[in-house]
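Structures incoming, each one as structure tokens.
What follows is a pair of complexes built around chain A, which joins chain B in one and chain C in the other.
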Partner chain A sequence: MIQFRMPSLGADMDAGTLVEWYRKPGDQVSHGDIIALVETQKGAIEIEVFNDGTLDRIEVEPGHKVPVGTVLATIREPGEAASTALEPAAAAAPAPEVAPPTAPRPRPTAAPPPPAERVEGRAKVTPVARRRAAEAGIDLAAVAAGPDGVVGLAEVEAARRAAPETGAPAAAPRRIGIDLGEMRKAIAAAMSRSHRDIPHYWVSQTIDVTPLFDWLEAENARRPVASRLLYAAPLAKAMALALKETPQLNGHFVDDAFVPAGAVHLGVATALRGGGLVAPALHEVDTLSLDAVMAGLGDMIPRARSGRLRSSELTDATATLSNLGEGTSDAIMPLIYPPQVAIIGCGAAALRPWVADGVLAVRRVITVTVAGDHRVSDGRSASRFLTRLDALLQAPEAL
Partner chain B sequence: MSGTRRITYREAVREALREALTRDDRVFLMGEDVGAYGGAYACSLGLLDEFGDDRIRNTPLAESGFTGAGIGAALGGMRPIVEIMTINFSLLALDQIVNNAATIRHMSGGQFSVPLVIRMATGAGRQLAAQHSHSLEGWFAHVPGLRVVAPATVADARGMLWTALQDPDPVVIMEHATLYNEEGDVPEDEDLAVDLDRAAIRRAGDAATIVTYSANLKKALAATDELAGEGIECEIIDLRSLRPLDDQTIMTSIAKTHRAVIVDEGWRSGSLAAEISARIQEQAFYELDAPVERVCSVEVPIPYPQHLEQAAIPQPHAIAAAVRKTLRR
Partner chain C sequence: MTDADLMDTVMTTFFSVAPDLEGEPVEPEETFRKQFEIDSMDFLNFIIGLSKTTGLEIPEKDYPSLQTPNGAVAYLRARWDKAV
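Coming up: the complex of A and B.
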């Protein structure tokens, strides 16, 4: 039997709220399947499973906030027999807001509707119920629907009455998706830790990207609009290739030791409307074609902005790219996102006087800054990385 | 505050006519058989003797002609009251009402106005068959340039006419034919005029809002009596004015009850109920705890046999069922 636990979706996460199960006991699951939705400070994250088998038992019902490491469900390995009778659940006691990992199976405060009446897809929540729940800080996912499968005012009011009478004010209004206030707290915690614990060094290099832009223009001219490439795609690919050759910048610092990563999963810092920031990982960028990188970014970035990322995207990054892109700033001196050991910042691609082939010319250039963890690497690694990156960007057709 | 006295809706209409004829020399009544016969619903019975045939004028069976004459008289400075026997027959006068009465102020750049009042009987329930029983109020309520009112109570029947006559633009008063024998209280006051602008809360409650007008107010009240036995207290809004609609009263009530049932004797498709439902979702979407329910007439010409006629139009049990549906019971 495999225990499927609440994952840690970042250095700053200590608990998460199970929002929804996409699979039910008895369903087959295989590696990479998304089986649950968990709400975190970074939005609602789709949680993947890393084993093949059969979902045996759900241990945490939607609506409960549990610490990282809590068993959410058990999964039978292929060939394994189903679990026998359930132990009697100590269900009478209301589930604590954050149950200890060994707590008995938490139960929702109201009986869930029978499975036959469970509403598939989007829950039927009446407009006023949705509004009242938001005002009262009630998580709609934790509100049991009526016998008709609808969550109305009556159900929300019942949930509000059933809420623990701790006297504590109701939580700030929450909704599925991104709570920017919570996200800012998470960023604050992670960046404070980074600035406090990681001895940073920074190395910069200004790179002529005129060949890249010229090549992109020609390439896009012959492509249909839908499959055109953005500058970010070859940039990410070149970064990944250069990181692959600079293993000291690619990996994690865990328990006072550097653990190099085999693959390059590039975190892409993504600004959110309203002020949030998240850096989901695009997996194995060094092995992807430019089209695949472009497609990956096109899929992931909108999901990051709407708060629907997958767990692996939040946990797997081995280094991060922070690209100021279309802005006008020359350079950025970024802070590493722990436990990673490097972050690469790119200023805007701007026209500058530049010496090319021994003469002064107007060229488009970017200033790339590597922030490295001095416990793991030295400026020399960053310098090697930048030299390699420069070379790769001069031959974009080979990317 | 003085007391009240109890009269019928018919008597209230007659008193209102008498008051208007007495107070304003420019007022006169014309329509089919309004003289010696006293009108199809006996509203003007006796007025010919009191006011003479200059002011109580019988007309030929020619709705377009006499409605047009009323418009001409209004343009000429009179304050005519035109009675049309039933709303079905008003269709013959629609050209005069829609193309002339409603438009002349606008087409003349405000130089001319049509201070005309048109009264007509509407609705089903008296076994008068399809050509005398329809509920077409929503058609008139569609037309800019008209004010359309529907007195549901005796007091409104008594008080709306004088206010309508003060309006410089055409006003259509819809009198449901099943109301004429209803009794109700009117104040003993001398001035009985009422406003034409605001809907009225006829019963207060917080479980659901029933929006209705005219004779269906009675049915809504009957439905709420039934529901009150189940502990469901509904709020009932009597629209009173069908054009313009008093959105504010409707939305304020829905903000309290979160549920709406619209009762309209018109056919459902393209009905006044459809318009109100649309406004509710435009203006009070985030207050709703259930889809808006409509109780309308079955989409058939109103049948003659009593059991079929009654089956075709809104009834209290259907209203109660719709309320329960909004409560998910």
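Coming up: the complex of A and C.
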């Protein structure tokens, strides 16, 4: 029997709230399947399972907040017999209407009524209404939709006015999505730990990216709009290749020892509107084509913003890229996200006077800064990485 | 198509790529980037969305014309007039 536990989704997470089970006891699960939704400081995270088997018992029902490491469910390994003592909730499993295994969110047919916290109702709810309801502590499941079938701000406001004023709210307001205040606390905790525990060093290099931008312009001119590339894609790919060749910058520092990572899972620091930052991992970037990197970023970044990341994306990063992006500042001196051992910051790509072949010219340049961990590497490693990155970016067609 | 229809198309497309901003007030003369804190990825998705809804192929060199809601409406209007 495998115990499926509340995962730790980052250095700063100590507990999570189970929001929804996507599978029920008796369902087959396989490696990589998303089986539950858990709410954390980084938003609602889709939790993946890492074993093949059959979901046996659910130990934590939706609406409960439990510490990291708590057993959420048990999973029978292939060939293992079902547990005999079925919980009342689990007894509903062999209901006649069994959802097809491919259904994204099978809803239990004989489950107990949803707890008051549950806000994923059937009616469409506008994001602003969802936020307002969360602030006011209003249960969206109890709000009637408007004539268009949508729960909007007006419906939430009406529900709020109608709600009896009680001294103390029965339960804390529940939010699905991202609580920026909580996220800020999580960032502060992780960065305090980073600042306290990691002896950082920083090494910078300004890189001429004119060849990259020229190549991108020509490439994008012949591509239809939906398959155009942003410079972040070749930048991420070149970084992954250079990291692969600099193992001291790619891995984790765990239990007083450095564990180099075989693959390069690049964390991509993503700013959220209104504040907040999350750095989900794009897996095996060094092996992906530029189109695949672009598609991966295009899929992951909006999910990071809407608070719908997967557990592996929050736990697997082996190094992080913090790209300030277009129209921003020249350089960034980032702090490492523990237990990683390096983070790479990129300033804006800006036109600057530059000496190329002994002649002063106007070129587009990016200042790239590596923050490294002195427990694992020295500035020389970072310098080697930057030299390699520079060389890779001079030949973008080869990426 | 009136300019109001075009503005509706532009903003519906924009909010579909940044649904968390849905319902926010719109400054027609201000850039999307400034008023909505969007990044290159959001902007590219917006262009892809516009291209899909209107059937127009929008080359990268035209992106600067589409930085503001009014700019996007004027751009669509010009392309539209050329087509008919």
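To be clear about the criterion, the second predicted complex is superposed on the first by the 311 of 399 C-alpha atoms of A that agree within 3 Å, B and C clash if a C-alpha of one lies under 4 Å from a C-alpha of the other, contacts with A are read in each partner's own complex, and residues count from 1 in each chain.
Quick note on the criterion: contacts are C-beta pairs under 8 Å (C-beta built on N, C-alpha and C of every residue); 3 or more make two chains touch, one makes a residue touch a chain.
Just so we're clear, the structure is a prediction, and the values are computed from it rather than from any experiment.
In the overlay built on the shared chain, the residue A:7 is in contact with neither chain B nor chain C.
When the shared chain is aligned, no partner comes close enough to touch A:53: not chain B, not chain C. Taking chain B and chain C in turn and counting the residues of chain A each one touches, the greater count comes from C. In the overlay built on the shared chain, the residue A:325 is in contact with chain C alone; chain B does not reach it. When the two structures are aligned on the shared chain, A:276 is found in touch with neither chain B nor chain C. Counting contacts by the rule stated earlier, residues 126-128, 153 of chain A appear in both its interface with chain B and its interface with chain C. Looking at the complex, you find that chain B touches chain A at residues 258, 285-290, 328. Chain C contributes residues 17-23, 33, 36-41, 44-45, 47-48, 51-52, 57-61 to its touches with chain A in the complex.
Residues 126-128, 153, 217, 220-221, 224-226, 228, 230, 232, 271, 273-274, 297-298, 301-302, 305-306, 325-327 of chain A are the ones that touch chain C when the two sit in their complex. Residue ranges of chain A in contact with chain B, taken from their complex: 126-131, 146, 148, 150, 152-154.
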